[in-house]
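Scroll down for the structure; my scribbles are underneath it.
We just call them A, B, C, D and E in the order they show up, numbering each chain from 1.
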Amino acid sequence: MAEGLATGRPVIEARGVGLTFATADGPVHALKDVTLRVMKGDFVSFIGPSGCGKTTFLRAVAALEHPTEGELRVNGMTPEEARRRRAYGYVFQAAGLYPWRTIAGNIRLPLEIMGFARDEQERRVRDVLQLVELDGFGKKYPWQLSGGMQQRASIARALAFDADILLMDEPFGALDEIVRDRLNEALLKLWARTGKTIGFVTHSIPEAVYLSTKIVVMSPRPGRITDVIESPLPRERPLDIRDSRDFIEIAHRVREGLRAGHSYDE
Amino acid sequence: MRSILPVLTVVAVIVALWYGAAAAMNAQWVRDQAARAGTEVSLAQILPRTMSQERPVLPAPHQVAKGLWEGVAGQKITSKRSLVYHGWITLSATLLGFGIGTGLGILLAIGIIHNRAMDQSVMPWAIASQTIPILAIAPMIIVVLNSIGVSGLLPKAVISAYLSFFPVVVGMVKGLRSPDAMQLDLLSTYNASRAQAFWKLRLPASMPYLFASLKVGIAASLVGAIVGELPTGAVAGLGARLLSGSYYGQTIQIWSALFAAAIVAAALVGIVGAIQTRVLRRMGMAR
Amino acid sequence: MTLVFLALVTWVVTLVLNVRISRSAFSETRIGRLVVPAIFGLTVLLVWELLVRGLQVPTVILPPPSAIGARIAGSLPVLWGDFVQTFVKGALSGWLIGCAAAVATAIAIDRSPFLQRGLLPVGNFVAALPIVGIAPILVMWFGFDWQSKAAVVVVMVFFPVLVNTVEGLAATDRMQRDLMKTYSASYAQTLLKLRLPAAMPFIFNGLKIATTLALIGAIVAEFFGSPIRGMGFRISAEVGRLGLDMVWAEIAVAALAGSAFYGVVALVERGLTFWHPSQRRQR
Amino acid sequence: EEVTLQLKWVTQAQFAGYYVALDQGFYEEEGLEVTIKPGGPDVAPVQVLLGGGADVMVDWLPSALAAREQGADIVNIAQPFKSSGMMLTCLKESGVSGPEDFKGKTLGVWFGGNEYPFLNWMSKLGLPTDGSPEGVTVLKQGFNVDPLLQKQAACISTMTYNEYWQVIDAGLSPDDLVTFKYEDQGVATLEDGLYVMADKLKDPAFVETMAKFVRASMKGWKWAEENPDDAAMIVLDNDDTGAQTESHQKRMMGEVAKLTAGSDGTLDEADYKRTVATLMGGGSDPVISKEPEGAWTHEVTDKALQ
Amino acid sequence: MAEGLATGRPVIEARGVGLTFATADGPVHALKDVTLRVMKGDFVSFIGPSGCGKTTFLRAVAALEHPTEGELRVNGMTPEEARRRRAYGYVFQAAGLYPWRTIAGNIRLPLEIMGFARDEQERRVRDVLQLVELDGFGKKYPWQLSGGMQQRASIARALAFDADILLMDEPFGALDEIVRDRLNEALLKLWARTGKTIGFVTHSIPEAVYLSTKIVVMSPRPGRITDVIESPLPRERPLDIRDSRDFIEIAHRVREGLRAGHSYDE
């Protein structure tokens, strides 16, 4: 429906966000001084070493953690308010399916909660199962699926309803290259069609470059942003764009940023 | 303590409801008495009279409080009229019974999850044992134990253990079976012995279930100890107070003993809860 | 003495037999599942019979199972009437009300931190009132018939179900809860779709314990006043006239009914919590 | 010599004689060391006796005879209570003024071996006890008099020395009540007697001990009859529950004294015969089906009263 | 210690292995006719589309599942016997740390079970924590760690004791490229030093090629082996071997195999 273009309205605005966890053996600084602005229709990837705070930032955006410093606004409101308006679709790093529901039942869960009509529910479940290539597994229980299949089911669950903001935490980590490529394409299509704003955590540099309009490189302890790369790639992206000069250049820049981040580590 | 205010609020609400109920339930008697005496009573006269009867249907809170206070503070604690004295007698049997019952319950649960023969044969009979009305066989237990020379604290503790072992078995069987497949598989790759699997996985994983069971179990122990006091001639203990109060229709005495028992029970459950919080925190499970 | 010896031999033999069977593939079958407890039960009865006869225990203290069996066969209508009075009217209705009330209270407690801090301690307190104390009071309030028995059962089953439900409602993990938050699910939705299903294994623990408590409660409450039928009435009346065979006949009915009740609840549990590791593959 | 006595009920003036004998050293004088075990609603004294928990017990003849039929070979060796204290106490306002008014009413009865006299009485009156409109509805009453006060029953069982006064204490006046003494209705049965196991009596030494016991106990009873208030205080001292009140026990002692009066401990054969006749005459479900034999003996009392 | 060379003794031998799960809505054929021979000191990677049976095969080797057809031998015994001799170190696809133990406690678990001395336990825990770059996190609880950190902790747990056969199910799936490279190198070193036999599931073709002496390509439904590639690469592998011709060729062959496997799918 929507045009699928960045309309210039900021969706996520972080200003000097810091987040410290209190643990038994002292505080852990997960995020420090994170300032970032994401526009409507942006596809932002977060990349950074393990433990640098990517998940924490995504959780803060979704109002699942509360920054201890700075200010975070989503659609001009507090994340809490945005959450209450059902702005988010979230794919967690672990699949987190409910063991007492079948795969279809798990995907139906948000639809039930948001009050979709019965047949609309069925239609959507069928559609997203197909999208993540799980048709035929709707009646299975989570523990009867392989790791990658569970992950796809959890992606399907987040795609089943129309959240404005899609937050995906390493959604394709457990998938093979080929399925991953197909899902990447599917995700781009969906994004182009719906104009959603997407926050995406990945460890794959090519994936980040291929998908994003904006790549955020982070460094650990305390997690901070070391580089924000605006992609010059067109919004229309065939798979073979990955061999283009621009692509390789950006990938290189991301890799350098990552490496620099790691050296902080020592 | 943050919980003072909420507790007080709830207690206040209950006390208010209680006064209302006391007035309503005791009024009939006042009216009957008046009718027998051939006099009329107005509502204003009924109210105060419902609050000070000697054998009310429902004693007013202050009457119970007074009874409790006299029972606890109004006597030397060695006195036979002291609730502390009777409470202690019941408590000692409760604790002994709880110890025996919990120990037995955990042992049975361990046996049941490790041994198929036990799982299949003991569980149905453990269930059946619990459907036997304890008050019916308590006298027989006492008689039998008596005839082999066991008397005093132990027979009561046995009955108390009988009531408390079951919740522990049910909870622990579930708890010890709650680790998921992957957690078990991990140990399996280490070829961990059953004992190791028990100590390092099943037992820690069962903690939430164990504590839920212990709370139920210790309350059941107290009931068991009280029940056990009846067929021993109900000579002492909160059970004896309840019974003799009931026998002589002394409602206030019943309620005082009842509250004493409930206070003991709540304290015991509270202690188990406190231990639970500490254990789970030490295990990193209290989040 | 030979009978006593025989009892010991029986015990050992059947024990070995049972262990053998349960190790074999036979115990996996539907029949095998029934055979093992049956053998165990028969052993108990046989040993009981032999010991009572061997040690010449007076029947007014402990009758042999054969006498109890004969009494059961001879008094079926009485036993049935008592069963209906105590189990169907007293225990079952009380169990239903008590469990429903406990779950509702647990949810109320869970819903409001205020109530949680206020009601749970008070709930512990009220629900831990000993049955022998409340039974006479409830008989006084609700009359002699089954209503007062049901009331006793309500009070008795309340606490175990409450504790287990509260514990169970806390048993979800963080990611499961966070998921619901991202949907901005209402409290009721979270409860219905996450907390309650996750709490089911705990709730069923409570419900199962409550089944046996319900029966005990209904029977014991009859000791404190009853119409002249009911299992508890019969037991207390027959103890007085030393009709111990009848007492044990009632106990046998109670055990059977209680086990069946428990079994039904366990079956429902199996159906509803099939996903829980304790119900899945056992190794 | 050690003797253990199992009472039928909780510590109260109903058993004053034994406590007095203990307290005043009457047992000691006979060279006996006596332990008194209180009973209660959940104690079946016969079981305790058979289980070896006691040497001698206090029981009522109807339940003792019923136990005999069940194979418990127990024998009455003495009968300190001459008359029965059982009665039915009714609320006047419920419309009962004579036995003919019972029809359709709800009556509270003690079970557990105490129901026989009542059932006999009803069968004598021709009233079925099945709750039909032609008969009476029977309630198994608990330990106290609440059913009457709460008007859940028109009449309840009471003892002259105990429950009746609880009703009075509760605030009802004798004018509000109608009482039917079993003695007056001709269905009285022998109450508190002393019983032992039959085979033990074969041992002359045991008979000797029991003779001493009965002698000392009867001395206690006579002392209690003469000093009712002091006896009540002795009972009070022996009550471990601390639940008894002085006034109630003193009054109970006074009433109990009326029942023990006229007994030297020897079982009156006529009373016995009357009880047996009452029990065997009980309608469809008689307590005992055949004339009991050897249910009592004068051997002990004869020796005691020499 | 050991030479770290394939000595020619077969460690894992599968002949016609099939495995079918019975589920409520019919049987699932997870493995079919899998025949494979792994020699002592081999580094075997399993690669294949999501849900093709990689995990199932690894589990069968470790005696966690039981083949319904064919024969499976480990070190000449049944997997069950091998398990009893503690032949396996297993890294599960999900971290599966025990929530009531700290990270150090989790790593110590196998050491306790196998009866290592107290100070030896401490030494090893320290060493492996360092190896997976988690020093300083020993006292934290699993839920206080990021996803990637949990995964590393679970790798550390499997490395802490000296199992002959190391079975790793997508161990590096949640790690960024740089940590992943470092851990790849560390793993190769460990393998060379100890001569362990390693079974390794991955979705990264370069990773598979870089690490393995043998690459097993699988196809789904029912899971079967479509290709087994013996690597001609030397055992000594610097990171830049990834630019060599051989490397690129093998990678290409694997990719082709994978693609072919996917087409079965339809």
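A few remarks follow.
The working rule: a residue touches a chain if its C-beta (ideal position, glycine included) is under 8 Å from a C-beta of that chain, and two chains touch if they have at least 3 such contacts.
From a predicted model like this one, the values you see are computed outputs, not experimental measurements.
Common neighbours of subunit D and subunit E (chains touching each): B. Path length between subunit C and subunit E in the chain contact graph, taken as the least number of steps between touching chains: 2.
In this entry, subunit A maps onto subunit E through a rotation of 180 degrees when their C-alpha atoms are superposed, rounded to the nearest 5. With every chain reduced to the mean of its CA atoms, the largest distance from subunit E is reached by D.
A centroid comparison over C-alpha atoms places D as the chain most distant from subunit A. The largest tally of C-beta contacts between two chains is found for B-C. For the pair subunit B and subunit E, the distance between mean C-alpha positions equals 53 Å. Separation between the centroids of subunit B and subunit D, computed from CA atoms only, is 34 Å.
Of all residues in subunit C, those that touch two or more other chains are 61, 136, 140, 174, 223-224, 236, 239, 276, 280.
With touch defined as above, residues shared between interfaces to two or more other chains in subunit E number as follows: 94, 143. In subunit B, the residues that reach two or more other chains under the touch definition are 57, 135, 139-140, 143-144, 181, 188, 230, 243, 246, 287.
Listing the residues of subunit D that touch subunit B in their complex gives 7, 10-11, 37-44, 47-48, 51-53, 93, 142-146, 149-150, 166, 169-173, 176, 239-245, 248. Residues 41-42, 44, 46-47, 50-51, 63, 66-67, 70-72, 111-115, 129, 131, 137-144, 146-147, 150, 152, 287 of subunit D are the ones touching subunit C in the complex. Subunit B contributes residues 182-183, 185-193, 196, 200-201, 204-205, 207, 283-285, 287 to its touches with subunit E in the complex. Note for the complex: subunit B touches subunit C at residues 2-3, 5-11, 14, 25, 57-58, 115-117, 119-125, 127-137, 139-140, 143-144, 166-167, 170-171, 173-174, 177-181, 184, 188, 208-209, 211-213, 215-216, 219, 222-223, 226-227, 230, 238-239, 242-243, 246, 251, 254, 257-258, 261-263, 265-266, 269-270, 287. Of all residues in subunit C, only 58-61, 136, 139-140, 143-144, 222-228, 233, 236-237, 239-244 touch subunit D in the complex they form.
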